[in-house]
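Worksheet: one structure, shown below.
By letter and in written order, the chains are A, B, C and D; residue numbering begins at 1 in each of them.
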Amino acid sequence: MASNTFGKLFAVTTFGESHGPAIGCVIDGCPPGLAIAPEDFPHDLERRATGRTRHTSARHEADEVEILSGVYEGVTTGTPVALLIRNTDARSKDYANIAAQFRPGHADYTYWQKYGIRDPRGGGRSSARETTMRVAAAVVAKKWLAEKYGVQVRGYLAQIGDVTPRAFDVDNVEWAVVESNPFFWPDATQVAELESYMDALRKSGDSVGARVDVIADGLPPGWGEPIYGKLDGELAAALMSINAVKGVEIGDGFASVAQKGSLHRDEISADGFLSNHAGGILGGISTGQDLRCSTAFKPTSSLRLPVQSLDTAGNVVEVVTTGRHDPCVGIRATPICEAMVALVLMDQALRHRAQCGDVGEVSPRIPAKADPKKPDSGKPDSGKPDSGKR
Amino acid sequence: MASNTFGKLFAVTTFGESHGPAIGCVIDGCPPGLAIAPEDFPHDLERRATGRTRHTSARHEADEVEILSGVYEGVTTGTPVALLIRNTDARSKDYANIAAQFRPGHADYTYWQKYGIRDPRGGGRSSARETTMRVAAAVVAKKWLAEKYGVQVRGYLAQIGDVTPRAFDVDNVEWAVVESNPFFWPDATQVAELESYMDALRKSGDSVGARVDVIADGLPPGWGEPIYGKLDGELAAALMSINAVKGVEIGDGFASVAQKGSLHRDEISADGFLSNHAGGILGGISTGQDLRCSTAFKPTSSLRLPVQSLDTAGNVVEVVTTGRHDPCVGIRATPICEAMVALVLMDQALRHRAQCGDVGEVSPRIPAKADPKKPDSGKPDSGKPDSGKR
Amino acid sequence: MASNTFGKLFAVTTFGESHGPAIGCVIDGCPPGLAIAPEDFPHDLERRATGRTRHTSARHEADEVEILSGVYEGVTTGTPVALLIRNTDARSKDYANIAAQFRPGHADYTYWQKYGIRDPRGGGRSSARETTMRVAAAVVAKKWLAEKYGVQVRGYLAQIGDVTPRAFDVDNVEWAVVESNPFFWPDATQVAELESYMDALRKSGDSVGARVDVIADGLPPGWGEPIYGKLDGELAAALMSINAVKGVEIGDGFASVAQKGSLHRDEISADGFLSNHAGGILGGISTGQDLRCSTAFKPTSSLRLPVQSLDTAGNVVEVVTTGRHDPCVGIRATPICEAMVALVLMDQALRHRAQCGDVGEVSPRIPAKADPKKPDSGKPDSGKPDSGKR
Amino acid sequence: MASNTFGKLFAVTTFGESHGPAIGCVIDGCPPGLAIAPEDFPHDLERRATGRTRHTSARHEADEVEILSGVYEGVTTGTPVALLIRNTDARSKDYANIAAQFRPGHADYTYWQKYGIRDPRGGGRSSARETTMRVAAAVVAKKWLAEKYGVQVRGYLAQIGDVTPRAFDVDNVEWAVVESNPFFWPDATQVAELESYMDALRKSGDSVGARVDVIADGLPPGWGEPIYGKLDGELAAALMSINAVKGVEIGDGFASVAQKGSLHRDEISADGFLSNHAGGILGGISTGQDLRCSTAFKPTSSLRLPVQSLDTAGNVVEVVTTGRHDPCVGIRATPICEAMVALVLMDQALRHRAQCGDVGEVSPRIPAKADPKKPDSGKPDSGKPDSGKR
């Protein structure tokens, strides 16, 4: 229930400040019998990491994950899995000059108003560094979801500033393309253009926002809890809790406002749903179709361009940020969005089997074909018991 | 923690089906000393109710609130406040013919997949009838927020289908106009046009979506809990949990994606913030400015127009809905959105004083002027103790 | 998480005051497919009720349960089950004269100190009337536990004042005897003696305490969550939350203090455990043996015998209670203790299958014979799926 | 909500196994402005530690606490406080021979039944090593409670085996005596006798249980939440969750059963309560008197004396424990019991001010004199704001 814990049954508690000695998390409620090793983490942590391309900020962290507990002979035991990452490249002097100032668009002002004290080094707890542990925890969730249910959670960048993908089919995302460029961009023909766009942006000293889409496929129907624990409600909370997020959509999102009901409602044929305007959720519960959500990231506020603000004494000051920052924080937010979706799904999967037994147990199901355009997307439930992983 | 409870400290548990004997809620954690009477509820319940204009569905419910507990001699005692409303106009025969069919765009299919059983009468638990108790519970929250902190939570309709307000200043919403027309529309000059629009829509048998904006003013800085209990994260969950919602925005929302950082970040002058792109929240904590959020409602799926679907045996059927339904469910969603915002604020207010003491206690604050364009919006904290209401 | 909700997954929220219009509860998280009818409740409610014998207080309540939601065609649907009981025999005038006084040994003083206000009618929320809804909610839990796992939860009175059962074998409680006398007493030869004891006590105007033992049999091994959600920890909380309880023991309880380890530790043979000093719990997790716990009830404080106290103005007053009260509240606490044990087990059962899958799924188990002295006590898991009850 | 987290608002999540790389905790919800340094921890950690006298087990851990987060310039910031202790003296070979055996009286059997896997090294998660972090977290709670409210939480040993203190006044515990002997024994005249008793016990290879009493003084009235969040209910859960605990009492506990109501109910005079049979709690809420609770510890089950058991294949084996173990685990449980009481009080203090404002805010209080025999025990509320510590 405390605010640094995410999830009800697969409960992830994170801690740590940007420039403190370490960041970490405790995963409580993990099913026993899942193989977890330090080698599982680097892939997603590097996708999220700063300093990987010239388009993201210059901080270089090794992000080496130490598993402190909950794993015995390489397998989860059902007790809390604690993960620790030491901070190694924390240059606090970069921030010393603005310790007493409130950077506009940042949490400086509000933390100070709330707590009467704040750790100014690198944004302290409000830094995007915190999202590292979301990604680390989600490595465990992604692995379990894939092994037990065949669920895959993948994201891509759907907009940078006013640039959107040109040749792009949301029903057939080319994931190899997404993973092969530094922008998680689904249209390979635009990568060079984006490089130029970002270079120009960086030179200008300004920043832009981004839109991240996440698709989860292989989801069984039945996950999600009405009324206030709806799958879409928890996805919204999860995604909105990421730094710099200003909007969340499920399925057609805000475009639904101007749609007609006769268009929006997804017809069902003998072969399954004929469209997916709903984004794979009805009444807060998964339909078995692809889960689709979008997240809006604001442009970063830490700019070389001066801006008016106050200091803690109430005086007007001019703030210029010279530290390391991304001109578009949304780019490396892609794995963070994936992580939050995976954490929500993991938690809902456990909650579903608590109340209703495991997938398929309550009632014989209509063999719902998730999406007729993508006959291979609806992987059958593996039906593997938890202990099958050992 | 259970999914029919909303809020951590001001915890509202709702129950009831559309055509069951009654709907109700239990409010746990209400501060003692607040005057509450049956007369407090009809105003907002009528704003939400069906059957008030020809533009919403024809169900007529008295919605009489019985206070079952937690109030002694007209004042809350700190024990659970239970509210009960009997269902009186539940015509289940309207729905009998589709009990075994899955209405596309509805929760029929997913409830059945999850639970293996569903109450088909009027949508059962997934009916919008459930939102009645959200509004009722929020009457208590709104009253406490107003009395203790001077906070007001008000909404208006910002879009129906593709129609948007013409003459409209978000910094100076004319609330009297909003309350004087059946559409909660902020531009009085468009009401006749909307009447025609809705009449045509109803005749066509189709439906459209809507966008609802909510503004809360008078908010002190400091409410909201990083990291996973962020004020915006919980607003997103709260709003997305309303039936038919497909998107949530805070402040500039998805428009932030195409904005430059130099525009989006809100400068702070000696007189307070100079703009409010953030929507009154930074780092998940209130800034003291107006809180602004938007919610996208999909078009209702219950239409006279036939649609293909399945029955519970897996056969293809044609579904036609002949029961009472709104051609635009978003219209009467305005008070529901207000309710969810009020419930989130109430809960966060209590959580803030749990950790940090009451507003203003932790540190002397900069006298933040919330919004220089609206010098009267930032009502000073009343500082009234809870017991002051008796 | 709020304090009037019990349980994490099988979450029971109760409300209502002794002399308010009604008491009730909302059960959230109930598995779907369980048959529940109004006829299920009277048996346990009558066991708990006041006014049944001359040895308990004279209040006569019909205790008619109305099922308001969550049940469709006689079967739970997975949505909240709300139960309501109207108060009919609330004679508030009995208490009017002590509204401004603090009855020693009662919650009057502390409620007033905490909330600054209290409902004095019949003790308000602090009345034992509240326990009615615990018993009602537990009817649902007991039924599910029995049908799905063969678990039975039964209690008896193990001490009244200084009287204890004479001929009594804890391994072979004669439940028919327990249910056939008004004291839930396991030794039929003492009933007449207890009648005389209670008559003398009532004449004296004084009261005594009682000890209630509860045994749950048929429990599978594996229920309970280390570390802070231990089965025994939650039983302790559950039982201590009952009005007038001052102590809780698991297994040998306080007698363990003077025991040697070589005696206390329960040996395991090829036929199962050879003793049960632990009370069926090790490391916070059920062993599969009988679960055994004891609860100490203090003597009621509402007596005809005068006692010194204060009024709300701080003046010394003499308090004499003339209302209806039990000379031994512990007698009818037996079904309340059973109820709390059942609620804990139900919640833990759901939590277990959330993390580990259903009973027996994680690993092939040693065929643990629960208790060699009682070869019939360890009913095999029925293995019936939830949906099997429909 | 997860089971390795304790507390609702002051939420402590612990992790770590006895012989894993480290143990640690995350304290979420700590009020800002509290001075915390590594030097605050050794006092209580040493009181709990093994290896300090020849009467406790021989493991030697440095127990050096590293503060990983949540503290800036020596002061809590309101963000999660993570504490880490590396395990340095973990001799796993001691346990290798019993990895496949279930030690009677231990969690071996039940962990294996629940999870299908267990970490056998030193008992893994079920080891008393876990309690180290309870004590560490409680250092923070004790400090805040003392600084803000003048609350002190102190324990002593009230029984070892069948030995009880001779000359002993529960109303005037000589705390200096308690802290000056290795048994936390309140009667200095018996220390030599206890030394002999323990020496003989160790030689015999057997073990005994113990009773620990904890007294908290300075408590204001009003802490505790009816109904299921009662102060005594949460104390029972907290204490019962400690390894080896089999019973919990509040005030007179099980002795209440044989008491008369006219004795048990605590009269109130103009000078305050005249007795404290209730143990400082009525209706689940603190009275302002001394809080008194007792905890029963079973004798440790790890003995040199052989015992029959099973191995994981179901074969009968003879188990002999040769590792390091205490002949009376209850001795060093004293600071653990204090810790759990402090954590409960801290959490309830925050919850009280969430709902009712800070102590004394709701209503002018009767100047309750906690205990007329101990005129100095009821320290007045310091009334210091949270920010006063900076």
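Keep this in mind: a contact is a pair of C-beta atoms (placed from the backbone, for glycine too) under 8 Å apart; a residue touches a chain by one contact, two chains touch by 3 or more.
What you are looking at is a predicted structure, and each value in this text was computed from that prediction instead of being measured.
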Inset, instruction - Check every other chain and keep only those touching both chain A and chain B; list them. - result: C, D
Inset, instruction - Please name the chain that ends up farthest from chain C once chain centres are defined by their CA atoms averaged. - result: A
Inset, instruction - Give, as an integer number of Å, the spacing between the C-alpha centres of chain D and chain B. - result: 44
Legend entry - Centre distance in Å when chain B and chain C are each reduced to the mean of their C-alpha atoms: 39
Inset, instruction - With chain centres taken as the means of their Cα atoms, state the distance from chain C to chain D in Å. - result: 26
Inset, instruction - Note the residues in chain C that touch 2 or more other chains, in rising order. - result: 1-5, 8-9, 14, 29, 32-33, 78-79, 111, 114-117, 125, 226, 351, 356, 362-363, 387
Legend entry - chain A to chain D touching residues, read off their complex: 1-5, 7-9, 11, 13-17, 20-24, 26, 28-29, 32-33, 66, 68-70, 72, 75, 77-82, 84, 111, 114-119, 124-125, 387, 390
Legend entry - chain B - residues contacting chain D, complex: 1, 8-9, 29-33, 78-79, 226, 350-351, 353-358, 361-363, 385-387
Legend entry - Complex contact set, residues of chain D against chain C: 1-6, 8, 14, 102, 104-107, 109-117, 125-126, 130, 159, 161-162, 206-211, 221-230, 232-241, 243, 245-254, 256-270, 274, 277-279, 281-288, 296-303, 305, 307-310, 312, 314, 316, 330, 351-352, 356, 362-363, 365-368
